[in-house]
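Take a look at the structures listed below.
Both complexes below contain subunit A, partnered by subunit B and then by subunit C.
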Partner chain A sequence: MRRNANKLFSPIILGILSLFCFVFNSCDRQSSVEKADKEDILLVGNNSEIQSLDPHIASSVADFKVIHSLFEGLLRGDNERDDLYHPGVASRWEMSDDAREWTFYLNSNIKWSDGKNLTAYDFEYAYHRLLHPQFGGRYADMLYVIKGAEQYNKNNRPYFLLSDIPNVSFDWATLRDLDWDKIEKHLDDPYKIEGLSDKESDLIWATLRADRDQGYPDLWGSSSIGVKAVDAHTLKLTLNDPMPQLPLLILHCTWFPVPKHVIEDQGGMLSRAGKWSKPGSLVSNGPFVLKEHQFNNYLEVRKNPLYRLADEISLNGVRFLPIVNGFTETRMFFDNKLHITNNVPPEMIGYAKSKSPLEFCEDDYYVSIFYRINTQKAPLNDEKVRKALSLAIDRDSLVKDVVRGAGTASFGFTPCGAGYETPHQITFNPQLARQLLAEAGYPEGKGFPAIELLTTSREVQKTMAEAIQGMWKKHLNIHIDIRSCEWTAYKQAQNSMNYDLCSSSWSGDYFDPLTFLDLWTKISGNNNTGWSHPDYEALIARAKSTVKLEDRMKVLAEAESLMLSQMPVLPLYWSKRVYLKKPQVRHWNPLLLDNHLIEKVSLQEQSK
Partner chain B sequence: MLKTIMNRLGQGVLVLFVLETITFVLIRLLPGHPFMGEKKLPDHILHQLQSNYGLNESFWVQYAHYWQNILTKGDFGPSLIREGVSVSEIISQAFPVSLLLGVFSMIIAVMIGIPSGIVAAFYKNRWIDWSVMFIALVGICVPAFVLAPVLGIALGMNIPFLSVAGWDDWYCVILPGLTLGILNAAYLARLTRSGMLDVLNQDFIRTAKAKGVSSYRLIVRHALRGGLTPALSFLGPAFAAVITGSFVVETCFQVPGMGMHFVNATTDRDYFLIQGLVLFYGLMIVVANLFVDVLLYMINPQLRKAS
Partner chain C sequence: MAKSSSMNTSDIVKGSSLTKDAFRRLRNNKMSLASTIILLAIILICFLGPLLLPLAHPNHQDLTNIAASPSFAHPFGTDQLGRDLFVRVLYGGRISLLVGAVATCVSLIIGVTYGLISGYVGGKADAVLMRIVDVLFALPFIVLVIVFSLSIEEPSRVATQWIVETFGLPLETVSPIMSLIPLFIAIGALGWLTLARIVRTQTIELKNQEFVEAARSLGLGWATILFKHIAPNLLGVVIVYTTLAVPGIMLLEAVLSFLGLGVRAPNSSWGTLIKEGADRMEVSPELLLFPALLFSLTLLSLNFLGDGLRDALDPKSSKKQ
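Showing the complex of A and B:
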């Protein structure tokens, strides 16, 4: 019996001993950061799981960050300043005097990561694909500055068909207002189109019929489209308006090339479910290539040996971790699992700052936080009420107490930068607020109807709403209700203007105030306030056609000033990006657009 | 027995069909659509995207296509948010992770929960019973979003080989597994205690005691079979729930499992993904329940007699 017991227990004892050895061994285990330091791999928190690495399908900030490391456009941004740019795939470029015609000369030895040559045709193919009416590119409007791009994307066939007729010049400005849907329906029983001669009318019918009989062929080849690959190394862009700031615009991912040969091989131009953007088949031209992707775990890119400046890249790779929860991310940073986090939640700012002041970073960000106002609904259709609401918000207190310093109280709507002087028009003046409210018919807040503030379910937004609710109660004696709902429902309510006040934010796509001010034009799909003003439209149009930078900025400031005087939005603060960064990470500089050139980043030697 | 199983399977298929139909309708009744980005889409692009995925067809056509694709091609459709990735791919990447975590946490739950339930029942109304049940009650009351960060900070930050979060090594399973395990152990302990008490009060136990059967033998040979019935009935669905992921634990520990997809697919209105996940979860519940039924049938002579 005793021998049996020994037989039984000895393996158990051995097992326990080996487990102890294993655990002790594990105690010496290197942290993820130490391991990564040795291998020169940067570990970056990337907020959320990516949606797609196809630059034409991608739409989240997390997508764009990875795409920036994988692809390179005509030009490359700067690692220290948002308003600088350098040669990318294009080694030099020329602008016509009116800033409408741009010619990019491509570096002749640029290669895709599979060794094939990258040519101007890849760029043309990329813009064709994003704008193709049957592709459904979400960010297609980024390319609308190109001549004919918007018409092509909206499949406005008469525009191209009629402008391509040799020896006849139709004036699109007069034709635009014709009822094209009706004309389309009457192709087989034509009538005389009002305002045109018989000959012109007949020509239109014949052209449209021929188009239908040919099965509506793709119109990309039309001479009215401003993208042309002149040869393998020359790309010519013709724009609608003068645009000296085009180089800053084309730093955005939507302007990157895509590998024509791979996409055509894997489903074709219009396929959205093509496998070309997955590990194993993704071919790119940037400093890094895709190595591995595990959903909700990590995405790893490795140095691209065929990149034009491969010798200058210090990192061997980057691992992007999609950590949604800011608390988890902060814990992981302090447990040495990350070099750089995506953000520190407001509740953790005090802790993180005191625990590790040297690793705590607070960078300005090109983001404006504000409340949209539904200007179509009473009582908010009254300008005085809107102004009163704005004047009764103590923005300094919001920044200090609610977001714990992760922002700057805004005095206008557009964040400063890019040579733009934001007009100082927002102040805190409860007395004037009460006076305006009384003038609007609500003295001491009496008789003010119930209005609702819509927010998402994010904690910081709810706290912000409660703080502002308190300020309005205190200073204006009015009560607002807060309704918070999950993101898609919130967005749906905002888009359909089913709200009174709505918490909002906007981040600049490119480094120019127009990315903010374009929002409030009548045709902007993101206006959603019901506000528009003919003078504002005229000023924005004038700014778009102004070549001289200072003049342009002045016109834009004038437009913003007009918008703020009518207050369709309540600007609150300009957000800051608050994150944590290990000291060994070098050349990760504060950038307003947060488009870091990861290929310039290095991990300091002595830490290895 | 076989008849019962076939019967249960038939019911299972019906349940899955109804479940899937209800999900199909409900997800489409929610406000918004899958292509709701940060920026509002122009109508012509939204229309194009919807037609790419057949979402502009009538409800019945969409419904028929959905079943047709599943039944003829085994295709659960594409994810509408992660374009180019299929629902099957997402489930096949996330399920192994959740399965590993689920099995590990269930082992912990069973190892802690059942013995403590037995001990509590055996020492009924004594200090040992009170303390076990108090701890179990605390375990039931403390939500995962409290326990997970507490364990992460208390253990993960201080014990070098434990990881506060992430999924890059074998030891990453310990803390999330412990969190899920402790929460389920608390339920198991209470269920085991009440099941055991029912049995321990019965006549045959008194007879066995009178005959001088040792305590160990009394519990293991006589009481355990019947006493475990409530715990086993709980274990089936609990196991199915755990292996299909927990959103809170996954978010707190950055585990790439199925729970995150469940919540995100709903808030993102990823129609095909949520339908696929519900079907998968439903299937797991049906199978787990069937398995528990068979197990109960095997250990409980009364059930055998009844059939």
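Showing the complex of A and C:
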């Protein structure tokens, strides 16, 4: 005991370290990539550990990538262009002249990976589940283009109850402005509702009371909901507004079907903790099926022999590796442990480029890097403070020196593209920033309370955060603490708005500025800033119902200007996607939305 | 009686005291001597360097001069944000050494008191106290430290705000110190277990010896006996343990900072500097090299010094030499 524990402590650490070295080095004479080449397995760096493979719960890019390889929606995207689509589960489709009513005819011999037939009912079930008011799907608003979807998701019961009553004169438009909260409280002592006849008023009371007495049954069956499985192979969608671009929208995973029979078996529709999306019970309909998931090690999918185009898949499987640290990932790539990396940290760009120019890829990407602000918390609830913070960030220097040119400094929030002109609204002006900060009550940064900047543990974000921390110190004389969290904790803090500032990024779900601007509406499940503005809601609603492209873009630009004039977020830069790719990987093309169809990728044998 | 006591004193002065003996033995141990000098040099330059030399601020960024190689202006080069690495290593050393020293002191105070009481009181109390130590030993140390430092994060934030408001100190000086306090407490409060056991064993050995009997028969209180008569006799063991514990604790701080739980950006400790350097070792190896070099030197020196002290203070091992 006298030769105390510390003498033991260091050998133990040394032992562990050497064990690590042993494990990492001794693996092979043959590298992982060579082995994978032989087995036709693609090794992909996938950023972070997945949170869920349930398409209705997943919300991070890492999840979506895996889900894309496991499931297939009505239509399937294209391997070379972001604005093309091909038949998926649906073999053909029709739209009405006003582009509001869509009918999808499903391929009749599509099967789930357990051999059961996939029917239109699975789609209806999927949309029902995501929109169910008690399910709490974060991405439910993706489906709000469907008629009645928003009302159903928000549990707006009168909307359905009253629109289903036959032979009455009033319709929902005339009833919308009634104070429903008040009416619900007075169910047992009804009064005459203004503007309606006695009979109509009584009818409303009776309908609502009947609903309550029946224990608030699920209203999904209402005729006012625009999803209908006509028969096993026909799915009908009715939209709120004309939407010729619907096919591009439904390429997103939120529109994918889920296996009704499995979910019902494993906890039912509303169970978020159901085991159906775990290895062993996950049943899917895409090109691959889930084989194995080792936490923090890898997730492997294998070719789905029941996929409709199984014969055309060249790969046998894909391994997704959750590597958060870009330096590690790049090192692993050069050590032949990965075919494709998720990203190259800015500081390694020069090194990677010179080491292997042919494997270095720099693609355009539809993404915006920004900081969310918790607009509910002092001092950030003051617009002036938020503006001061934004004005004191030198974005050109950030892009040049920290990101090392792998992006463009933001002058707005939404990246340009898809016919959209981003309004120029963000500048660097430390003078004005100081003035605004003084007006907000913190001259020279005096008395500015302690606030925290939350980042994930990605080293790029940390460097960026430190650079911005330095700029705020220099220009505004305020000190910000940086807290870097592991991904799950970070996501949880962001979703529960338990942060002051939070480093974020948003990559487009579809190729349209709406995917960025939709975020900041009140109903958006990914807003997480506490900011909303009635005019903004109105503008977004107007944009959604405008068909003519130019006018639509103008309305959206107006909305963005309004949002940026209040600064609920601090846009930083529009990033490029910088990654490394082995030469034997074929058919992996640059895509703005990064939705690569992995089933089209092949590994070409290298001549030795 | 008075005569004999004066006789005794002069005897001790003439003879070679334990301390004197120890120092002589330590001086003869070349490794320990060299370690002491290196250690002192590192401590001096870390704490006095920034005060005496005209150095840049450790968090001063120069984005036009990123990841520069060592030069006259920046002896260790600059990091990914153009900050001078030499200055950052010095300031990082301050934090690492400080964590080592303070956390050791905390565990010293708890461990010695706990061990003394447990050993001296004995019986059922001893059994209970030692079982508590056993239980704490059985828990995974690093996990405990992580849980502990996370759970006092929020209170420490509140405290920071309070200090800033009450004393009007600038946030950027208070905040880094406050962010270290959870670390101090966590490491210190959980690092005393071994020491408590050592001290307890020693106390049991000592409490039955004649000088303690004598003190007891003179009617001295238990506290006096414990702290005046027993504790000084433990000094040797405790000093050795401490020198050997400091590197362990500095290592733990590095591990925690490596995991992102220790020092907060933009401040750095050797642990965080090494982590940042390790990420970038292909691109700019000096970012890893210099902090790692200083850290290893310090740890090795402390270990050699500890070894030397153990040999020097242990009369039994000295007889063999």
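Note that the second predicted complex is superposed on the first by the 392 of 608 C-alpha atoms of A that agree within 3 Å, B and C clash if a C-alpha of one lies under 4 Å from a C-alpha of the other, contacts with A are read in each partner's own complex, and residues count from 1 in each chain.
Just so we're on the same page, contacts are C-beta pairs under 8 Å (C-beta built on N, C-alpha and C of every residue); 3 or more make two chains touch, one makes a residue touch a chain.
Bear in mind that the values here come from a model prediction, so they are computed numbers and not experimental data.
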If touched residues of subunit A are counted for subunit B and for subunit C, the larger one: B
First (subunit B), second (subunit C), both or neither touched by A:Pro217: neither
Subunit B versus subunit C as contact partner of A:Asp401, first or second or both or neither: second
Partner chain(s) touched by A:Ala493 [first = subunit B, second = subunit C, both, neither]: first
Partner chain in contact with A:Gln469 - subunit B first, subunit C second, else both or neither: second
Subunit B versus subunit C as contact partner of A:Glu347, first or second or both or neither: second
Which superposed partner A:Arg331 touches (first subunit B, second subunit C, both, neither): both
Partner chain in contact with A:Ser277 - subunit B first, subunit C second, else both or neither: first
Partner chain in contact with A:Arg483 - subunit B first, subunit C second, else both or neither: second
Shared subunit A surface residues [contacts with subunit B and with subunit C]: 325, 327-328, 331, 486
Subunit A residues touching subunit C - in the complex, by the definition given at the top: 1-2, 4-7, 9-10, 13, 325, 327-328, 331, 345, 347-348, 350-351, 397, 400-402, 448-450, 457, 459, 462-463, 465-467, 469-470, 473-474, 479, 481-484, 486
Contacting residues of subunit B [partner subunit A, same complex]: 30-33, 35-42, 44-45, 48-49, 52, 78, 81-84, 90, 93-94, 149, 152-153, 156-157, 160-161, 163-168, 171, 250-257, 260-261, 264, 267-269
Complex interface listing, subunit C residues touching subunit A: 59, 61, 63-64, 66-67, 80-82, 157, 160-161, 164, 170-172, 175, 179, 194-195, 197-198, 201, 237, 241, 244-245, 247-248, 251, 260, 264-266, 276, 279-280, 282-283, 303
Contact footprint of subunit B on subunit A as seen in their complex: 23, 26-27, 29, 32, 49-52, 54, 57, 59-60, 133-138, 140-141, 153-155, 272-275, 277-278, 294-298, 321, 323-325, 327-328, 331-332, 334-335, 337, 486-489, 491-493, 495, 525-526, 528
